[in-house]
Amino acid sequence: MKNSAMVMQIQDPASQRLTWYKPPLAVLVIKKVRDSKVLQPFCELVEWLIQEKHMVVWVEGAILDDPLLTGDKRFTKIQDKLITFKDGRDDLTDKIDFIICLGGDGTLLYASLLFQKSVPPVMAFHLGSLGFLTPFQFDNFQEQVTNVLEGHAALTLRSRLRCIIVRKDKTEQEISTFKSSQDPTTNILVLNEVVIDRGLSSYLSNIDLFLDGKHITSVQGDGLIVSTPTGSTAYSAAAGASMIHPSVPAILVTPICPHSLSFRPIVLPAGVELKIALSPDSRNSSWVSFDGRNRQELLHGDSLHVTTSIYPVPSICAQDQIADWFDSLAECLHWNVRKRQKCLDELSDLTGSGTEDSAIEDIERGMENLES
Amino acid sequence: MKNSAMVMQIQDPASQRLTWYKPPLAVLVIKKVRDSKVLQPFCELVEWLIQEKHMVVWVEGAILDDPLLTGDKRFTKIQDKLITFKDGRDDLTDKIDFIICLGGDGTLLYASLLFQKSVPPVMAFHLGSLGFLTPFQFDNFQEQVTNVLEGHAALTLRSRLRCIIVRKDKTEQEISTFKSSQDPTTNILVLNEVVIDRGLSSYLSNIDLFLDGKHITSVQGDGLIVSTPTGSTAYSAAAGASMIHPSVPAILVTPICPHSLSFRPIVLPAGVELKIALSPDSRNSSWVSFDGRNRQELLHGDSLHVTTSIYPVPSICAQDQIADWFDSLAECLHWNVRKRQKCLDELSDLTGSGTEDSAIEDIERGMENLES
Amino acid sequence: MKNSAMVMQIQDPASQRLTWYKPPLAVLVIKKVRDSKVLQPFCELVEWLIQEKHMVVWVEGAILDDPLLTGDKRFTKIQDKLITFKDGRDDLTDKIDFIICLGGDGTLLYASLLFQKSVPPVMAFHLGSLGFLTPFQFDNFQEQVTNVLEGHAALTLRSRLRCIIVRKDKTEQEISTFKSSQDPTTNILVLNEVVIDRGLSSYLSNIDLFLDGKHITSVQGDGLIVSTPTGSTAYSAAAGASMIHPSVPAILVTPICPHSLSFRPIVLPAGVELKIALSPDSRNSSWVSFDGRNRQELLHGDSLHVTTSIYPVPSICAQDQIADWFDSLAECLHWNVRKRQKCLDELSDLTGSGTEDSAIEDIERGMENLES
Amino acid sequence: MKNSAMVMQIQDPASQRLTWYKPPLAVLVIKKVRDSKVLQPFCELVEWLIQEKHMVVWVEGAILDDPLLTGDKRFTKIQDKLITFKDGRDDLTDKIDFIICLGGDGTLLYASLLFQKSVPPVMAFHLGSLGFLTPFQFDNFQEQVTNVLEGHAALTLRSRLRCIIVRKDKTEQEISTFKSSQDPTTNILVLNEVVIDRGLSSYLSNIDLFLDGKHITSVQGDGLIVSTPTGSTAYSAAAGASMIHPSVPAILVTPICPHSLSFRPIVLPAGVELKIALSPDSRNSSWVSFDGRNRQELLHGDSLHVTTSIYPVPSICAQDQIADWFDSLAECLHWNVRKRQKCLDELSDLTGSGTEDSAIEDIERGMENLES
């Protein structure tokens, strides 16, 4: 065998498409709560799924307590046909084939929370304006859901970060047990980012960053964001990072207001393990939060371990991986929105002359240069 | 006398207002050339200035050759009443009381070129969309010009940079003569910026920066921008600098694609003298351009000297110094235009909970967190 | 009188020098507390000031309680000759001619706190490494202090921001009283910056910014920094702003992690008045802190008013305004520190060829291109 | 089969290691030319490879003309045993098992140029300071080369971009032929980046960017950089992008001085196809260059097609993928180099107080706050 034949496999994002191994039957519908605008679409959708598609519809039990719903005639008609579960008590693993979200990026974050291991494909509708995670318009939902159920859809596998906080009194044995378990009290999955910040302290945080066990650098500043590519358009973007397409297998590390002019954000391969801990000389503790939730203190001796979870959120595209992402960049972040910057055009009109001219000729001909 | 009474004088920008020491009589009208849209406003304005305001109207001689104008009946009626001058030959100093610009930021740059010493107040109309330098709308020009002629107007004094290229064979004596003269062949005034770049060379520029005679730093990268506050919203903004209100007496120094992560732009007091030269070890020459014009090579031993000119461009405000500037930031650069970023709002809706909660409680109450 | 003679006054920073109207007699010595390294220099300095220079030395009363000092023989010898005052109770106005700081940038911030109105000239020694505010080395302090006492020194007038929090129940009358008073409980002077942030809330802050009474923009993000040029190298630099020389009369406004890609920092004239308040639709309160201290909540209806104080901190230069600043940029922030980036040089060595060559010629001659 | 079992494969970068399918025999040695410092190491290495390791050593024929070499006794001794090839004429495919580079990042770029298809593993020595692409020190080269020949080494597969310029008169048929060929006159491989810029024109470039055939955005500015992760630490870093580890399968798109405040760099999946062309309304042409070489004009109607090549450069690590990269970030770019920023520490010392204090208490206790 030859030595030199080194070839890379490069996956075309367009090749990643939804595949149903058996027809999806059980559908979980997640809706934004206490928002009256969602009520009508929710009832329409659920009724149609049950009656036209003969699917089994699951909902979170607590939504039945929403007075907005229970007072609605349309809902009472379908209420008995719904299967409910208790969030945090009932295990949905293997019970759900398909998820439909109604109402905002938050619903997809919630879907992610429900599934610690593998997540069924998610189809997310925005009811107001387009979101990063909610690409579908509700108008002709019947046609769109039918398309998806028939398997005509591109898929973005959104990676999640698996975060484990190890308190200082833990042994190697215990740490290893944590890492091999999926217990949601110690293993927290984030779809956007985990943030370490200085809380209310006026002292700067001093945080050590380790990669695969080696000390890489120390962060002095307001904090540090470790995010997925999905999270690169959220808090990380605000902190100055480049935006990463959700299909890139990577972890983004971004300092928050670092007290070093040269601390640029970095993009790491998805397969690394990060460890974050207070620097031994840090005067105060730090705080950790997960997708903006579950805020807790990180004390001297504690550490936060972050890896990429093998269980992504399979998010169904409205168009395809590329078009959906750029549409949301433009709509949500006004990325490179310009309306043809006339002001600068004008300047370049005048100034577009005279690469080779002497100063005086240039001034003499100045008037001509004013034309566009 | 006491020692400790140290008090600063702080000028309220609102206090800077137009003052006519005698009624303005001679008005110079500058218009964008070869743009048919400007024709009608130009004729209307000139006719009105002559007939209603009894002013003496000056125009650049070359515009009389514009076939668009000479073929226009309205213009031929007023043509004889215009006083013309030859750009670059006739000296306008002390002849003009007031300037009106029609058509784009370029017209104001041109006005700046015509006056090496003091510049009469400039009133600039945009005919398309608002520009950084052209705050007035043309619709009701009669009312607006009348207001200005009566002295009801705020003024922004836009500083200019005086740039002198000293070739390597010059003696101290000659340099000093250059600096004391106002000869436009050696003294070039810029309203936006002077740029030093590497031209087509693939080698990086190596440029030395001196302040008041002392070596400050060396630039390795695509080049360097030295700009006025007015220029901070032009090329400097593209290169990453902060935006500076034109009333701040300052000089902005911005590297272009510097090969140092820590080379942040800096803002210097208007009173310093900068000198820029190739580093002795630079392998190739650099190129200098002035407001985008008059591009010329900078060789080993040459130097570029930059100071703030004592002759600003007095630019008349449509509203006031502050409102005009922020309106142009929004219109021309979409500065902080957001349309309420709903996408991020949604995220914070979900994630706005749980500062104090344990992980499991947080997940249990997840559904409630989805409300807005 | 002519109309067009518009000329700007541009101050050369080198012209700002220390002037004693009468020989300075009363000197206030401020030292870092509970740092044993400061002890020896402090005693040496005070003894020398009293015995050689026959000056009256003032110190803060609390330092006499420091066991480090009271147990030191050298100190007990001079202790009786010191004049003490109680911070916050005794008014130092008009009593001090000159201030000497020993030990770190914090001592200068403290000096600023002591003087609500005019501040005597401050000479600040760093005892470890150079600081932004402490340019003098202690080694040959006798010579250096003598020089300063003889008036041989450049001066940087560091502007301060005057901050007033107006609670929501205040009348226009009361606000106006606040503004005309110098009461330190309502008028807080900052030398670096005032920060408005979201505290521990996971919701984004929504803050409205007004200039001279007009709404300018809204900030959605982690917060907002309003800083002096002195503060531009502190927290503002960490948040991404350009660095401003302390002699530029300006106010720097920098968003903290703004959720808008286009919210670039801005530099405003020192004479404006800023008002900051929660947006009416903001879901949560914000927090204000002054030079990192005195943190307090800003509720709906409250507002923060910021102007430039007419009382700067006159900070004595070790060399001059320009050299001192660039030395501290290099030392404290590693600004554009590069050590000649050899790695990039190497790349440009190879790649410096072939502007005009065809691909194949280029490859053929590739070997030659490897030379430097 | 179940629907929901969606699992991602995440590659641990540490798992990528060098494997020899048969013992490497033919070694190509590339050295920096006309650098006398390389001479001695080159002779030592070649002699050792031939005599101790019994390898067949290849060199580029042109180096035999280097007078520095031919005049060297040590070299003349081994000269006859070298096999030479003519760069651009002889095809090295399948002839070389292993490459050793001596002297700088440029030598690795040159190695990349020689192999249009698969590239043998490259071991690169820096002779001066550490480079991004040259991790090995020469001191104990025998031990290190032996290690590598025995297969004890981690490997970074550095992806390359395959760039094809399609001139405007080409048919779909011809384009498709280009894309399926590997002809180096039309297919140019870059290891760092391909750059599109405005050349000497003072007009801004207007460039359209297409992804997988769809128009994504237009660039108005100095130009656009399309780079590999390897190139993210070169010109892209200078233009403000985040740094990407070379193992991340991605393409980085970075605008150069864009005239839009919101045009942030973006990171795309390696599998996309980019097309770049002048906007129809662009007034002037653009220029394209490949790893800084082979500069050529891009006219209206021409287009540049960029995909990730399936043939990476397998670059042998000195330590491992992670440690090598962070060492070069620190050494070459001073990434987050801080020396513990004492200046800012001092500030936070003072300001670390008083989260809850009233203003007056805070001032009273100010002295205590000065301690560290």
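Just so it is clear, A, B, C and D label the chains in written order, and each chain counts residues from 1 on its own.
Note that in this section contacts are C-beta pairs under 8 Å (C-beta built on N, C-alpha and C of every residue); 3 or more make two chains touch, one makes a residue touch a chain.
Quick caveat: nothing in here was measured; it's all calculated off a predicted structure.
In summary, the pair chain A and chain D forms a contact in which both copies contribute largely the same residue numbers, shared numbers making up over half of all those used. Rotation relating chain B to chain C, from a C-alpha superposition: 180°, rounded in steps of 5.
Chain A and chain D have Cα centroids lying 29 Å from one another.
Computed from the mean C-alpha positions, the centre of chain A lies at a distance of 39 Å from the centre of chain C. The multi-chain contact residues of chain D, meaning those touching 2 or more other chains, are 200, 202, 237, 258-262, 264, 292-293, 295, 333-335, 337-338, 341, 344, 348, 351-355. Chain contact summary for the complex, chain D toward chain C: residues 30-35, 60, 62-63, 87-89, 103-107, 109-110, 113-114, 128-132, 184-186, 188, 192, 234, 260-262, 264, 290-295, 328, 331-334, 337-339, 341-344, 346-360, 362-364, 366-372. Of all the residues in chain D, the ones that touch chain B in their complex are 199-200, 202, 221-222, 235, 237-240, 256-262, 287, 289, 292-293, 295, 333-335. The residues of chain A lying in touch with chain D in their complex are 1-15, 20-22, 24, 94, 96-98, 118-121, 157, 159, 200-204, 211-212, 214, 216-220, 229, 232, 237, 241-245, 247-250, 252, 254-255, 258-260, 262-272, 283, 308-312, 314, 321-323, 326, 329, 333-338, 340-341, 344-345, 348, 351-355.
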